[in-house]
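In order of appearance the chains are A, B, C, D, E, F, G, H, I, J, K and L, and numbering begins at 1 in each one.
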Amino acid sequence: MANPVYKMIELTGTSPVSVEEAVQNALQRAAKTVREMKWLEVVEIRGRIDEDHVGQWQVTVKVGFTVLDEEDDD
Amino acid sequence: MANPVYKMIELTGTSPVSVEEAVQNALQRAAKTVREMKWLEVVEIRGRIDEDHVGQWQVTVKVGFTVLDEEDDD
Amino acid sequence: MANPVYKMIELTGTSPVSVEEAVQNALQRAAKTVREMKWLEVVEIRGRIDEDHVGQWQVTVKVGFTVLDEEDDD
Amino acid sequence: MANPVYKMIELTGTSPVSVEEAVQNALQRAAKTVREMKWLEVVEIRGRIDEDHVGQWQVTVKVGFTVLDEEDDD
Amino acid sequence: MANPVYKMIELTGTSPVSVEEAVQNALQRAAKTVREMKWLEVVEIRGRIDEDHVGQWQVTVKVGFTVLDEEDDD
Amino acid sequence: MANPVYKMIELTGTSPVSVEEAVQNALQRAAKTVREMKWLEVVEIRGRIDEDHVGQWQVTVKVGFTVLDEEDDD
Amino acid sequence: MANPVYKMIELTGTSPVSVEEAVQNALQRAAKTVREMKWLEVVEIRGRIDEDHVGQWQVTVKVGFTVLDEEDDD
Amino acid sequence: MANPVYKMIELTGTSPVSVEEAVQNALQRAAKTVREMKWLEVVEIRGRIDEDHVGQWQVTVKVGFTVLDEEDDD
Amino acid sequence: MANPVYKMIELTGTSPVSVEEAVQNALQRAAKTVREMKWLEVVEIRGRIDEDHVGQWQVTVKVGFTVLDEEDDD
Amino acid sequence: MANPVYKMIELTGTSPVSVEEAVQNALQRAAKTVREMKWLEVVEIRGRIDEDHVGQWQVTVKVGFTVLDEEDDD
Amino acid sequence: MANPVYKMIELTGTSPVSVEEAVQNALQRAAKTVREMKWLEVVEIRGRIDEDHVGQWQVTVKVGFTVLDEEDDD
Amino acid sequence: MANPVYKMIELTGTSPVSVEEAVQNALQRAAKTVREMKWLEVVEIRGRIDEDHVGQWQVTVKVGFTVLDEEDDD
């Protein structure tokens, strides 16, 4: 592909453990339907507080993937 | 769902009346095809001017919805 | 359509030549599957460096298109 | 006009009632001296507090209008 | 007071009806314990979606008030 | 509470170990005096460098909590 | 002029061809009424899409010019 | 004026001495042609370097003034 | 304190003279009730204009202070 | 190199012709002393105005390059 | 040093494991040539995706260090 | 030099007295090793608080200087 085209989608992954695991959970889910994911950028780190600790990390990422010829990029 | 994953889409709703109605119009249209919409964030408020008043409010929102297992999240 | 609704998608087009051509390449690819594209906004201009020059311009755009009644806006 | 040129001015409208009315008030005043206003973008929403409520909404907008040939665009 | 000093607090008001009412609700609650509130600035407009409409507007404001001599400004 | 009101405070937690632990330390300290903390947003990640490694992670968070009726929200 | 004063105006130039030409078109039009323009800064690059390509580049620039003594700087 | 309307202009004042003097110089020049200036906001602080010191402070401010009925607000 | 926790408050100090004095005035007032203030960050510089000069500088700062064990950090 | 480290430098290239050429000029100059440049990001596009056109495009880029073992990365 | 001067450099560290390790890797490499590093600020968190997980975390930090008298601060 | 190339470095100067003096201190130190410094832009104003006043102003500036032919621009 001489001039590849990429599409970005924005996902929020969650985890009770860490920022990194929240991102991994988002990617694993996305990988079921999106092929050729190439890179991500963290755009927001939030969390739900359960009394005195973070009960759920919520990490929003932009994910870039190659638009393949047979794909619908809407 | 132990660790839910959300997807964000960005929509612009329009209304001749108000910011709130523009957002509602965007949600009503989106609800025809997207399930489990949870929250929104207003990212831009613009308008088309007809001579001396706002003829059309244009409100851009990010909408977050739960990615269900059977859904295509592309 | 009294109160049109628009959806934005984010694409990165590439070109060895110029910023403008990178955007055109993204639009041409998108036009295969998205109808009624109306406007774009450049959100990022990056490039891959090959030794001492830009080997590939990478221009990220937000593209807005009308959500038609029969369309899936997910 | 093959390649129209637009100028932006920044105005703050006020209203005791709502964000929308504050914008309309700014446009009505501007329409007395500016022709061909086309679009606006809300850039700031502030308010004066009178004890326990908003006594005056103050909404700053950028207004874009076509620069006509006979106009002074300073 | 020759050189007044102000303190800002950040509040999120909510309403099922409108952006303006959400702000008013925040101010009414704050007025129970904060005196001399002078101005506000809207910093974020979000909402909870109930199926296909905004069930709750959530508007975050910065509120500025005069620090009086007898007051604790922590 | 038909229309809850929230207040945000900004805290910086520290830890020699990780971003997540710095946040947890801030929340544990805050929980001694603030009830009903609901969510947080990471606004800055900094660190003190000890020679060639991060000796102390410093993570600034905005914490939102419900303003209860008997509480002083100043 | 020991301490020159400058004024900034914001213009949007358009062109079917390129970002650079859109800016030049804005400057040529502005030069009819504004003297002593010194520098510009690109603040936004947008475009109108005609089916599958950019039909009109829309580039918004801030233009700084010296306020001369006889000039009206409103 | 029940609902005053304000206009903002952007000016850069200069001074070899200080940030404050640069702003004052901009205001003094503007006061020759603009009436009813009310407030300003510093948007940028730059400087020209002469060898090893700041030879000229360049401070850009947004100035807000009341739009009077007889005034041209273009 | 192995892992200190800091709280930030946002204050606006005022002065007819300079940016620096406005900040000092805010700190002096805050020091009456807040102990262990450590650092500040200027977040906004505004001013009230009296005819043709700045009558009052208004400088908003974020102030960070150590949360002590006996303190109420609300 | 299992875990490469990159350094970013910020350069402004200039050209009387185009944004792209200004960037190329910066890269060509940088390539004389910096090896292993990998990517760039455009951070600002400015220009010097000569009467009624852009006499010099000034494009600021961040350039990322691999820190090699023998290199001084200060 | 009565009035210390600091310089900031921008580095991207990488790690297959975590955000924190990516930062540590950048610091360890930098410490070979830069002395007196004092603090860092995370400015961007990105990652390379390998199929369905983050194969490489890429964390960009600004690092501040004291400019010593014998040092070249270019 | 037909198309000059500039490099930006980021420095933090300090002073117990004022913002301006902090910047001057940074420039004086930089002038020992950097030639052809042309302009600066203030990017952050912070301060260390000693009890109830600013003990040290910390002003971060970007400094732009011409890259000369014989210079190392790393």
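Everything below uses one rule, namely that contacts are C-beta pairs under 8 Å (C-beta built on N, C-alpha and C of every residue); 3 or more make two chains touch, one makes a residue touch a chain.
Remember, it's a predicted structure, so these values are computed and weren't measured experimentally.
Count the smallest number of chain-to-chain hops linking chain G with chain I, moving only between touching chains.
Steps on the shortest route: 2.
Shortest hop count from chain D to chain H along touching chains?
So the least number of steps between the two chains is 1.
Given that chain D and chain G are copies of one sequence and touch, is their interface built from the same residue numbers on both sides (over half shared) or different ones?
Shared-number fraction below one half, so different.
I'd like to know which pair from G-J, C-J or D-G copies the D-H interface, where a copy means over half of the contact pairs are the same by residue number.
The chain pair with the recurring interface is D-G.
Nearest 5 degrees is plenty: how much rotation brings the CA atoms of chain F onto those of chain G?
So the angle, rounded to a multiple of 5, is 180 degrees.
Looking at C-alpha means, what's the farthest chain from chain C?
It is I.
If you average the CA atoms of chain A and of chain L, how many Å lie between those two points?
One centre to the other, that is 39 Å.
Roughly how far is chain I from chain L, centre to centre by C-alpha average, rounded to an integer in Å?
Result: the chain centres lie 25 Å from each other.
Find the geometric centre of each of chain G and chain H from their Cα atoms only, then give the gap between the two centres in Å, rounded to an integer.
Going by mean C-alpha positions, chain G sits 20 Å from chain H.
Identify all positions of chain G at which a residue touches two or more other chains, and write them in rising order.
As it turns out, chain G has residues touching two or more other chains at 18-19, 30, 71-72.
Taking the top-of-page definition of touch, could you list the pairs of chains it picks out?
A-B, A-C, A-F, A-K, B-C, B-D, B-E, C-G, C-J, D-E, D-G, D-H, E-F, E-I, F-I, F-K, G-H, G-J, H-I, H-L, I-L, J-K, J-L, K-L
Residues of chain L touching chain H in their complex?
Touching chain H: residues 18-20, 23-24, 27-28, 30-31, 37-42, 63 of chain L.
Within their complex, state which residues of chain K touch chain A.
17-19, 44-49, 51-54, 57
If you look only at chain J, which of its residues touch chain K in the complex?
Interface residues on the chain J side: 3-8, 62, 64, 67, 71-74.
Quick one: in the complex, what on chain F touches chain I?
Chain F reaches chain I through residues 9-16, 22, 25-26, 29-30, 32-34, 60, 71-72.
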